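Order of writing sets the chain letters: A, B, C and D. Residues in each chain are counted from 1.
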Amino acid sequence: MTGLKIAIIGAGSSYTPELIEGLIQRRHELPLRELWLVDIEDGREKMAIIADLTRRMLARAGLTLPVLETLNRREALLGADFVCSQFRAGCLEARIRDERISLRHGLIGQETNGLGGFANACRTIPIALAIAAEMEELCPDAWLLNFTNPSGMVTEAVLRHSRVKAVGLCNVPVIMQKGVAQLLGCQRESDFVMQVAGLNHFIFVRQILQQGEDRLPQVIAQITQGPDPLVPRNIPPFRWPQHLLTGLGMIPCAYLRYYYMSDDILQQELGEANGEGTRGEVVKALEQKLFEIYRDPDLAVKPKALEGRGGQYYSEAACELMSAIYNDKRIIMHVNTRNQGTIAGLPDDCAVEVSALITRSGPLPLNVAPFPEDVLRLLQLMKSFEQLTISAAISGDRHTAWRALVLNPLVRSGTVLERALDDVIEENRDLLPAFHRQH
Amino acid sequence: MTGLKIAIIGAGSSYTPELIEGLIQRRHELPLRELWLVDIEDGREKMAIIADLTRRMLARAGLTLPVLETLNRREALLGADFVCSQFRAGCLEARIRDERISLRHGLIGQETNGLGGFANACRTIPIALAIAAEMEELCPDAWLLNFTNPSGMVTEAVLRHSRVKAVGLCNVPVIMQKGVAQLLGCQRESDFVMQVAGLNHFIFVRQILQQGEDRLPQVIAQITQGPDPLVPRNIPPFRWPQHLLTGLGMIPCAYLRYYYMSDDILQQELGEANGEGTRGEVVKALEQKLFEIYRDPDLAVKPKALEGRGGQYYSEAACELMSAIYNDKRIIMHVNTRNQGTIAGLPDDCAVEVSALITRSGPLPLNVAPFPEDVLRLLQLMKSFEQLTISAAISGDRHTAWRALVLNPLVRSGTVLERALDDVIEENRDLLPAFHRQH
Amino acid sequence: MTGLKIAIIGAGSSYTPELIEGLIQRRHELPLRELWLVDIEDGREKMAIIADLTRRMLARAGLTLPVLETLNRREALLGADFVCSQFRAGCLEARIRDERISLRHGLIGQETNGLGGFANACRTIPIALAIAAEMEELCPDAWLLNFTNPSGMVTEAVLRHSRVKAVGLCNVPVIMQKGVAQLLGCQRESDFVMQVAGLNHFIFVRQILQQGEDRLPQVIAQITQGPDPLVPRNIPPFRWPQHLLTGLGMIPCAYLRYYYMSDDILQQELGEANGEGTRGEVVKALEQKLFEIYRDPDLAVKPKALEGRGGQYYSEAACELMSAIYNDKRIIMHVNTRNQGTIAGLPDDCAVEVSALITRSGPLPLNVAPFPEDVLRLLQLMKSFEQLTISAAISGDRHTAWRALVLNPLVRSGTVLERALDDVIEENRDLLPAFHRQH
Amino acid sequence: MTGLKIAIIGAGSSYTPELIEGLIQRRHELPLRELWLVDIEDGREKMAIIADLTRRMLARAGLTLPVLETLNRREALLGADFVCSQFRAGCLEARIRDERISLRHGLIGQETNGLGGFANACRTIPIALAIAAEMEELCPDAWLLNFTNPSGMVTEAVLRHSRVKAVGLCNVPVIMQKGVAQLLGCQRESDFVMQVAGLNHFIFVRQILQQGEDRLPQVIAQITQGPDPLVPRNIPPFRWPQHLLTGLGMIPCAYLRYYYMSDDILQQELGEANGEGTRGEVVKALEQKLFEIYRDPDLAVKPKALEGRGGQYYSEAACELMSAIYNDKRIIMHVNTRNQGTIAGLPDDCAVEVSALITRSGPLPLNVAPFPEDVLRLLQLMKSFEQLTISAAISGDRHTAWRALVLNPLVRSGTVLERALDDVIEENRDLLPAFHRQH
């Protein structure tokens, strides 16, 4: 059969139109056969809105591709070539609960890290593994492009516990690449090579090669003195501590403010929670508005408003990755993939987020020079947190859960941690069956 | 010349009588020639009180050993066989300042760790290195027994930056050994082998061998269910989190409550600071009372009251170590020494606190089985903190100081850290010359 | 029951009288209950001779201990406290065959290394594992003292594939310790601490501590200039290459002549094979003479002639180890035990030969400082050879066997290796069932 | 100035016409300004012949580029953009001497490995470092493309002891890539990704990716059963031992026959030395014929006869690398570059031969999955040999030289090694000044 079958899991997401736009833009390099939208019962209505918008967008672009909606994941997966995973276990309500539990205990409430990231991973990983098991059966040659959060842990869980060809994606390095291009005054992003390395939401720019020179010191000087275009909209653009960039000689991704500026972030979050609402609450309101817009039968393009959503370029990265694989483009992209020695000091079989050459056979990571010891120690600590979290997500073992969380620098230890963990497990009663099986 | 020359640096310490008692008890195995007491001008009066008490104690024991007081360290070091280092740079006032700065910024204030440990190390290490340089010249064969805090970092600094034969000591493993003996109902501590490993104030009991069995699980069960005699008096005896001992299968030393129960410790410290005073303030009052007692011309033994001081057994360990070296005893003691692969995953040339066979040629560490990954990560992180701290102490470089502190789990990051570091440097103006040279 | 039950596997060995002598010498520290001699049908006659001599020796010493001979290993193992393993799979005939095959292909023929060591391991390991399985059932608390060759590989196989408490022994470090004592002019071996590390028959003296000094440079100078008393009688006492000791700053054990002087050893062996016979052939003749002597009903002590046998002190080490364990002696002995990080760069769960403190709970290895890189590489290569050999011994897989041998520096590669391996498998038809099961 | 200045060191080599042909073929992508030929007095005549041929070849191609001959290396290096290093220290005579010394002692005589590789490295590295020092001064931004043998060690020496941007090249992976293309039936080599890793002349094919599949097992099956087109002409095309390819699941480069089939190679070399001559002698005769041909004033293209020379594709690789750097081609090539963690288990700052993305800023190595332990051990051993050799080449220290050689599996140890080393030093009196300075 000619043309690709693409399945989108969690298709009711407000991000889907960006994905559709990306596919339309690449119509000449990515021949499509069928587009399958999958969601669960709770997302049926949103998916319907998205499906209609998708059909209008395709029609406007002159594409006559079948768009199929289903609650039956298996029929969507059967024979698929690419599977995009972008679901949110427990919906935004669960994310908001995580944030509120965290802040109640004086902890940062964040979707991919700390207590919130832990809870999210525990809800999500069992579902991701179920999808992977179905893919092994129904589309063993398909690529899984995962942008379901926490993307690093979910990708690692799938890579370790299945034979599925999975790649994790994130918009953070995409935004950094665009920001660096702007600072260097480059028209094309391929005019330089930016190499990143680390874990998802925990990466560092290691070098920016242009014309035989490493421009990293220059870029560090620029963002130290002027505006910093490397920060996504959903992260407070606090200036980095004066000692950080100079001391490290590397640029941390914006999410590293959660570590290097944890107290400021916590104050900011506490203020927001008492004001306009937590990030989850703000996003929920924004999403409602977006779906209002999506419903408009005259809308046949991705609306401008989506760009305020925070996850910008996620879907563009996904489409570019599909094309790079399909067309053996051999371009450099930044992806979550198996470490296999790429970052020395992290386990071989863990997932890392690194710059890789994308070939028809998937990503071939570029080697990464050894990290300075202090940064390596943080990466190792975080990876241990991630691996214990994955283990707890699967087993539902509370000892393991506690050992994971007590390692995490965003979490405070002692009685507060024991209570916070109890609250997470209690308030996710239906969403964490493994933890409740034990009792 | 027959008999040993012993020099005590910081002899005006209230602990000195315990050291004297230990020497008296070992009079038949440790022949002494001269006892030199050294202090600085600010400690002259305390040293005089100690010297008089020492002479009375020796007389009472029937020993006719010369006891010499001096402010001239070089004459005390010349030809010494053992040098006991137990000074406190900046006296208790500096410790109290560290505590108050820390608590003001919402941080744990502790003498050997976190912000306070950092400040203490920065004050102390340059002095320790000056002593080591003098020892290289004046008594190159002498053993330096260091119990100056932070003992681990001070010992490492001396081991890395001099050729002095240095061993660091701590009372924490001594108290643990006695506690375990009590739980096992052993008359003699040598009835079992307790092996510890880690960093100073950051050790874990790895095995408790008795009659071919590892009693560690039994001891864990005992301290989980009943009283915990492994805790020194100066650490709040909070019960360990339920997940910790079971999860790890190891017993952390009491100081690890600063990590695994950081929030409870912080609350406790904040309460104390607003009540009876910080630990430093309490100790200061206690010391004044001790020196009142020491002044009593009728006192000729170590007074009972010293046992409330917290540093119990420090000096006993020092005397036992001297005797074990001098007599080639080949007993197992717990000391700070060069790692050289003892703990896998830590640098070869760093200092670790481990169980070692004590010979005439010094400590030969027993090998340590690999740590579980989550504990290893903490040890590695702490060692990176320690090494950056040592580097900052010597160079006075603020970037390095910040990089050290931002790694430490007891320290919060962001603006709060930048301000706290500024305060430490500002309020130690005369005590941190390296940091002020820079400006 | 009071007193120890000791089982000797391979009791028909000509070494047994030394073991009996050692037990008699330690009669006051090692209370015995029963002594069981075990052998197979082929060794029945030799065992009978040994048993009679043993009874005469015990009687002469005034000991009334039951000495039981059996071909039924299980009854000997039942409830044993110590099991001494000293059997030779395939008897001396197999060893001689190995030597002849090796020399025929231009290879060194040696019992514990190279092609011969490989063949010996493949014959022996399955039997050792069968014994270990029986011990798990019949005497789970017993200690297995293994001096069956190749001792390092056999010990590792048992440690990895059973729960038996096994310690491997060798006379090489014992002879080195005695030689060093002689060079230092020490009356007692405990006057100094000699630390060795490496693999069985592949160890290096790392330090010789006496009075706070490392005497290693002095001892190196002595054996460079004068006679070398560290060499067992069965190794050609070639002088070390001039560059070796000076370059390394360590003393290799005598067996390392097989590596560092492989060509001279090969020439020597070829000469012997064409003259008085291979080592195995010489030993066979010697054994026959020994058994003649053993038969003498008037003989009631270990005969002088045994000392020419090469394995001197093996049994003394075994008796000393039994006593050190039984009496919690906490002396330093040199044993084969689990690495667990003792030698950095070798796998945690492999067997290494190192200096260890012997306690009632077994050996606690002293930590070993990192090896210089060139020696570490040899150790790693040899360990890979050993591990592949163990794997081949169990599986009978020829690919694995080839991969083991092609790594070994004593073996030449190419067609010669393929033929030599074929010959080993063919000429051990009945002794290597795993390899023949495959066909 | 527009256009590139290229300097060729050792321009009197018979390979130079291939280099010229490569430059002519790339005339549209590599704009040239000046071509400088450099050699020493002994090579003056050959260089003159090459220079004339070069001018004829350029003229025939319609290129009007200045071709300058010089014995003054500095004027050639001044302002150069690319420096091609292809000299042979001591000329073919030295190579032949190495071969004859080796064979006389029963050792393999080979130009890049074993005793011959050692001798060659010791002659060459001091000169390579002198060139690098001049480049730092005269053309600090130039790229050094090294194909002077032993290419791996020479490249490492330059990378470690200078700041020159050096890349080492070899024709072995080029030939393997072409062989694989032939076996896969691919028109274009870019239709698949072949990844190699190891050390120079010691590499393994790790994967052959095509259409999302790893074709390595298929290619292994092909060369096991049929002809093996991956072997250069100068290596005996012995079939691999049956256990090797199946056991490893990787394809060793042809030079690994020197290890895995050392005995067959040695027999072959001994036969050749007694027959048509050693490889060096054969090459010498071939070179004389080639220079006869080069002299022909009618010759204006690279002659067919050069293809029999063994070093085929060396120069093509060099030209392609120049173009890939100059044009930021981002193609994958196989080069010697700094390890920096690319191959786990080898030092960070050593040179490795790996597949890399070639950018304007030089090679970015692709990450390499961990090697199986047995192969890693060989790589580590060889790297230790290389590093000790480099150290000996610089210091002239005989202890170090011996320690290097005794590690090498191609060298036999004992008296034979001591004599062979003496002979190498003695017979290279003028070519190894560092070794003779010592005496």
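Just so it is clear, a residue touches a chain if its C-beta (ideal position, glycine included) is under 8 Å from a C-beta of that chain, and two chains touch if they have at least 3 such contacts.
Here the structure is a predicted model, which means the values were calculated and not measured.
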Neighbouring chains common to subunit C and subunit D, by label: none
From subunit B, the most remote chain by mean C-alpha position: D
Centre-of-Cα separation between subunit D and subunit A, whole angstrom: 45
Subunit A-subunit C separation of Cα centroids, rounded to whole Å: 58
Per-residue overlap in subunit C, given as positions that touch at least 2 other chains: none
Category of the chain touch graph - line, ring, star, complete, other: ring
Chains touching one another, given as label pairs in label order: A-B, A-D, B-C, C-D
Interface residues, subunit C side, partner subunit B - complex: 141, 193, 195, 209-214, 330, 332, 340-344, 348, 354, 357, 359-362, 364-370
Subunit C contact footprint on subunit D (complex, rising order): 106, 238, 241-244, 246-248, 259-265, 373-374, 377-378, 380-381, 384, 387-388, 398-403, 406-407, 409, 412-418
